[in-house]
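Two complexes follow with chain A in common, the first pairing it with chain B and the second with chain C.
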Partner chain A sequence: MNATFAIAGATFGEAVRKRILMVILLVALLIILISPAFEPFAAGRGARTLIISFGFGVIQLAGTFIAIIMCTGMIPTEIERRTIYTILSKPVQRYQFVLGKFFGAVGTLGFMYLMMGIVFLIASRMALGEFDPKIVRGLIMFFFQSSLLAAVVLFFSTFVSPLVNYFLSGGVFLLGNLLSSFLETIQRNPEVTPITRIPVQILTVILPNFANFNVQNPIINPEQVLTDELAYLVQTVAYAIVYIALLLVASMLIFNQREM
Partner chain B sequence: MKRNYSKLWVAIVVLLIAQAALQLRIFPLWVRNYAPKQATPIGLAPEQLLVAVAGFREFMAAILWVRADGFFDSGNYDAVLPMLRLVTWLDPHNIDVYSTGAWHMGYNFTDESQRSDRRYIPMALKFLEEGIQNNPTVWDLYFEMGWMYYHKIQDPTNAVPWMQVANEYKDMIPARRHMLAHALFKSGRFDEAVDFWGKLFLDAEKDRGKDWESSNLYDVRQKNLEDTILDLLRRYGPNPETQPPVDLQFDATVKVVRPRVLLVEGKLGIPAIGCRVTVILRDKGKKLEYSPKALKTFTFEVDSKLTYMQDSLAVREEKFRREIDMSKDPKMYPFKAEEYEVEFIFEPRYASPNIQDRIGSDGVGMWDARYLETVREKPAPIEVPEYAQVSDALRREVENPTREVEYRRVRKVVTLTRADILMLGKRGE
Partner chain C sequence: MSDLAIKTVNLTKRYSGLWSKQPVDAVKNLNLEVHRGEIFGFLGPNGAGKTTTIKVLLGIIYPTEGEAYVLGKPAGDPKNHYKISYLPENPYFYDFMTGREILTFYAKLFGIPEPDRSKRVNELLDRVGLSRAADQPLRTYSKGMQQRIGLAQCLLNDPDLLILDEPTAGLDPIAHIDIRDMILDLRDQGKTLFISSHQLSDVERVCDRVAILNRGVMVQLGRIEELLAGGHVEVIADKVPDNVVEPIRQLGGKVSLHDGRLIVEQPDNGSVDRVIDIVRAAGGHIISVKPYRRSLEDLFVETIQGGRNV
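Right after this comes the complex of A and B.
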């Protein structure tokens, strides 16, 4: 376990030193910080919607980019630089290496979400004169969404090149965001035949469902009354953990079989 | 090594099943709480249509809504309509857009004389219906629908079911609850109106003295309850003031004074100020259906061939007279049909209280030898969405209404031809 955490610590240290990630974080922080400027633009009306939706949008986009950029090169770079041989020659199992890399990535994401979250809360407090604790809930769900995405990227990085991984992970993220609403739309349409519906249902169940974590709409529109909200949030977090575990086990299986 | 792999495979299968089970549990809740629901005309949900904007969906909606506000302030009302459509596609849970949008359609399209273009009202109702379908757990839009019937259409009978649904929501603004009592009273359901005022009064009594607002609410409800009972006693109790009935000697005439300009005048024999006669000009046989079901799907296009004018004429010294100029708004009054009906109606439900004291709010104290009608009506059934927070009893009641109401009115219809109105063959068009 010590080896896992040592690798996680090194991964975290390496990630926060990466200029590209820091640039994304800084740009996101600056954009969130200037979001109160929308308040006079909205002339009071809809200012809350404008500022909170903008903040969530920036954070989600930044989190997605950070997860993909950070994790695509994690394992291939170690192989390319041949540093992996040094690591694996020590008493470190391959599964510990994969786990360490993932925990390092999650730690980095956690740090970045913390930074963006603090700035977002300060900015929304400045603009709206109130602190909305529900924002934290949205941020936590985005963090789990990005962590799941990081696991997807790490899984692909065990067997594809970084360039392919960018498109593959981006595609899975997009699909994972669309499938639920697509399924919901076709379920409402009586003209859709089972031949069309069933494959979508299967895909929705198999592929990682990123849309589950997009809970920002009721926070932006607080009039909405939600049913079993706590149960939904708990189940969604459990879903993220189970799916991440699934991807990590699959990553270990592939990485173990890989010849180096 | 092989044994380890088989353990990993087992773990993968177990985790795959576990995540699938969780996803199957999450999906129905996601549909209920977070799904956009509103499909675009091409059958796609906003997420599919707006992949490019991903997390900025609500932000884009908010920006467009601010822009729509700008168009509204500058009087560019037509530009607001497509903006409303875009905003509700992007964020179908923004209640403000639905309520303000429906108000905009219902109230702001007018002719040069500030008469509403009532062809937009079914559109407003459809827009509110869409908002309700997308936001079934929020009371506001049920209330807005009720208000549209109560105030704009002046149809309290159909306002009641919507306001009943809104009233089932615990978070409804307390003062807004009063509108159901007013709607019940205006629609002639006096017993229910008194009962409801009584219930509201008892509710307010619990919080009386808690703060200024609660005390004020208590006072308002007490006064309204007392006034309602007194009004009913005065109008329908022993020795009612509504008897003997007033002979209205109602009559109305219409004369084309210039092409597309009508002079309407007439008599209504109530010797008090506060009466208004409604005049409607429309294509013969084409009544506007004030219902969300009047349109199959939502559209911003009004029927450009339909002419529909409605105005309200004040009665002074038992007479009314007005020149109605429809020549300046050819888009609103296209006059494409061959024949037109000009309908004059006086009904007491929206008359001022002093008039209602004499003739009753249901017209029991009025008489007319030629034009008196008794109207019997039931509210139209309404479709309450699956997730609406209403009791089963109310759901059954509003989906299959049984309570019939009755009121009296006077009504006269005059027929004109297109040639009459355009003065064809004379010095007209």
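Right after this comes the complex of A and C.
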């Protein structure tokens, strides 16, 4: 476990020194901070919806970019620069290396979400005059969404190049966001044959469902009414954790066979 | 097997070229035995398969055929790595960390707890002469300083076996001497050293035994003094009459005589005295007697070029 955390720590240290990630974070923070200025464009309850939606949108976008940019190169760069040779020549199991990389990524995401969350809470509090608990729940959801995405990227990075990974994980993220509502739509349509429906159904089940995490955004999900918000949150987080665990196991199995 | 630090049995590593159609046998049927406590030189030109062999020994890549054992256990078992150290070829470390941070990082990988960890890191920074630069990021380090960090990370765990891949490549002569001294120091402590090199320097001369690898095949193996046996002595003399050529030639050397100037290349086997006697008896005048030892370089070049013609 020692080794895993040492690797996670080094991964975190390297990520927070990456200029591109810091630029994304700073731009996101800046936009969140000035978002209350949009208030005059919408009246009454609309203002709240707009500000919260906008903030979540920025945070989700930043989280997505950070997860993908950070994780595509995480393992390939270690191999290319050969920093991994000295690490694997120590008493470090390969699964510990993969786990350490993932924990480092999640730690970085946690740090980024913490920064964005604090600024978002302050900005929305100033604009709305009150503290909205929806924001905290939304932050947790998007943090787990990004963490799941990080696991997807890390999984692909054990066997494809960073460039291919950008497209693969970007594609999985898009599909994972859209497939479940697409499936609902075609299920309501009696004209859609099973030949079309079943592949969509299979894909929806296999690919990670990223849409689950978007419910807190009042613009993306206007009509979503959650009877028990806490139960939904726990369920979705549990889904993320199980899916992440499966991805990590698959990553470790592939990485174990890998030659460097 | 326990007296062997490294053993390979018919080790073959084939890279199935994805892009080039032809698969490459980077290492072919290698049978290697390195004894505990010896300094073993693993020599060969670029591309001979040295790094490939080392990577197999560390479990970074897997053998295509054959077996490899390190300290009596199958190669690549991370539990075995508590007693092994590795300095990669052109090592590269996380350059955002300082010297102290990177050594602390590796010490954590070994599971060395505090306060031993800090103590050990400080000791080693001192030992490799980096105490003053300890808190600068590695990206500001020169190549020589990076190599010294590489050596320090090799010593963290007080290893039984050190595997050094081209430890002197690209370093200045002073650094060569530093590394050689360190190797001798480690030998005195009873460590086993496995050192690969494609260029010969003082470092290889301290080896007890060397193997020479060429295109994945081991073409020489033995103790250095045995491999280098068979030098010659060159005798040059002046004012020598023609009639001495024949008796000297019968002693087995190479003889040439022009305008009274005699040059004899005599095998170093005690017959040199006889050559000198004959020359002086004939009224010749000895100018110089110079022994030529076969050098490791000669052996290396002869071996590799010999291999090329096969």
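Assume the second predicted complex is superposed on the first by the 246 of 260 C-alpha atoms of A that agree within 3 Å, B and C clash if a C-alpha of one lies under 4 Å from a C-alpha of the other, contacts with A are read in each partner's own complex, and residues count from 1 in each chain.
One rule holds in what follows: contacts are C-beta pairs under 8 Å (C-beta built on N, C-alpha and C of every residue); 3 or more make two chains touch, one makes a residue touch a chain.
Since the structure is predicted, the reported quantities are computational estimates derived from the model, not experimental observations.
Superposition of the two complexes onto chain A shows chain B and chain C fitting side by side, with no clash. Set against each other, chain B and chain C touch different numbers of residues in chain A, with B touching more.
In the superposed model, A:L114 makes contact with neither chain B nor chain C.
With both structures placed on the common chain, the touch criterion links A:G57 to chain B but leaves chain C unconnected. Here the vertex is the CA centre of chain A, and the angle it makes with the centres of chain B and chain C is 170 degrees, a multiple of 10.
Once chain A of one complex is fitted onto chain A of the other, the partner contacts of A:V205 are limited to chain B, with no touch recorded for chain C.
Touch criterion met: A:Q93 reaches chain C, while chain B stays clear of it. By the document's definition of touching, of the two partners only chain B reaches A:E184; chain C does not.
Contact with chain C, but none with chain B, is seen for A:A6 once the two complexes are overlaid on the shared chain. Superposed on chain A, the gap between chain B and chain C at their nearest CA atoms measures out to 10 angstrom in whole units. Chain A makes touch with chain B in their complex at residues 41-43, 45-46, 49-50, 53-54, 56-61, 64, 174, 177-178, 180-185, 188-189, 204-206, 209, 211-212, 214-218, 220-221, 223-229, 231-232, 235-236, 238-239, 242-243, 245-246, 249-250, 252-253, 256-257. Residues 1, 4-5, 8-9, 11-12, 15-16, 18-20, 22-27, 29-37, 39, 43-48, 51, 54-59, 61-63, 65-66, 69, 91, 93-96, 135, 137-138, 140, 171, 387, 389 of chain B touch chain A in their complex.
Those residues of chain A that touch chain C in the shared complex are 2-3, 5-7, 9-10, 13-14, 17, 81-93, 259-260.
Taken together, the chain C residues at the contact with chain A in this complex read 55, 58-62, 78-82, 84-86, 88, 90-94, 96-97, 105-106, 108-111, 150, 153, 157.
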